[in-house]
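The structure is given below, and queries will be raised subsequently.
Just so it is clear, A, B, C, D, E and F label the chains in written order, and each chain counts residues from 1 on its own.
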């Protein structure tokens, strides 16, 4: 499947934290930047996400804000 | 100002494309990953965004999806 | 690619409308419901979206609100 | 109340799952497609959502991505 | 129609700016705070939005971030 | 830090409710309007949010819908 989202960032899962319904996933991109994602536990399980697994962070460009110092 | 968004990704603007009302900003993170953002022209101007400028991509964790191959 | 979004709705593109930077896509699901999507022209082109093409609408569950009469 | 969201999809609630703060609602549209929504328990209660109830899924078009096989 | 969004903020439209596909609406709340919304021109027209009209800004609580100085 | 979001609404925290992973924050703006935000407990703690604290609600304009009676 090929998706319209402009941001498809490749990385490796480095941490997974379980909540009651959601799961927090930390993905480390090549170069070291880290991206935090909150998805449902059901989705995380369906994708088999766990530390060490290669995965992608998918973000629609209209959900990315910019800031400067 | 300190913001609640979990993703505050530091980088350098590498490309700016103007639309009628919006602007597309491409930010290169340390390590080379690129993040695309769509913001209003008014906001882009207020922040002084242009190629070469240091900036941050701000993304709420609940707007980040995950995918696997 | 397998994505974490809970809503992956299969349908057929019935209408495509070009804006300056964005494109509006109307997808008809099996059963007749129609879903409207706004994505960048660049993404629509990369996916080859045009009337008649089979496609999916992808929506994160946290972006779906509910209403009653 | 009439809302600006382009997607106002009519259906019937088929499942409701309670989390600690949120609730997951599954709505079946005419024709059989199913849409999953995550809303707060407080909102779900205020709307009286339960299996069998007629309801609408409301989605802003800019939150709908597209994908192809 | 009664919606699940936690933020339904009543106000008066004070400015409307047309783009190619979208429209920017500025709503002044009781007390003077102003909220900016970007919606499609088609939606703005369907709702009859123009300066002086009473309207509501609708925002899902999960789309509201917090910040401190 | 200066952010691209068009809505930066100043107010005072009037209520904080803890969930398992998230926190609900109610902010009262000057003039009395109230805005509800859902953020992670980790973020709320990092910002020191509690009743009485001055804070801002940050909302991207593309996440604000409009409605009329």
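As a convention for this text, a contact is a pair of C-beta atoms (placed from the backbone, for glycine too) under 8 Å apart; a residue touches a chain by one contact, two chains touch by 3 or more.
The structure displayed is predicted, hence computed values, not measured ones.
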| item | value |
| --- | --- |
| Fitted rotation between subunit A and its twin subunit F in degrees, CA, nearest 5 | 120 |
| Chain whose mean Cα position lies farthest from subunit F | C |
| From subunit B, the most remote chain by mean C-alpha position | D |
| Cα-centroid distance, subunit A relative to subunit B, in whole angstrom | 16 |
| CA centroid of subunit A to CA centroid of subunit D, Å | 24 |
| Geometric centre distance via CA averages, subunit D-subunit B, whole Å | 30 |
| Shared interface positions of subunit E, touching two or more other chains | 1-6, 19-22, 24, 37-40, 43-44, 47, 56, 58, 60-63, 65-69 |
| Chains that touch, pairwise | A-B, A-C, A-D, A-F, B-C, B-E, B-F, C-D, C-E, D-E, D-F, E-F |
| Residue ranges of subunit C touching subunit D (in the complex, touch as defined) | 3, 5-9, 24-25, 27, 29-33, 35-39, 43-44, 47-49, 53-69 |
| Contacting residues of subunit B [partner subunit E, same complex] | 1-5, 19-22, 40, 60, 62 |
| Touching residues (chain side subunit D, partner subunit E) in the complex | 1-6, 37, 39-40, 42-44, 46-47, 56, 58, 61 |
| Parts of subunit A lying in touch with subunit F, wherever the complex brings them together | 19-22, 24, 38, 62-63, 65-69 |
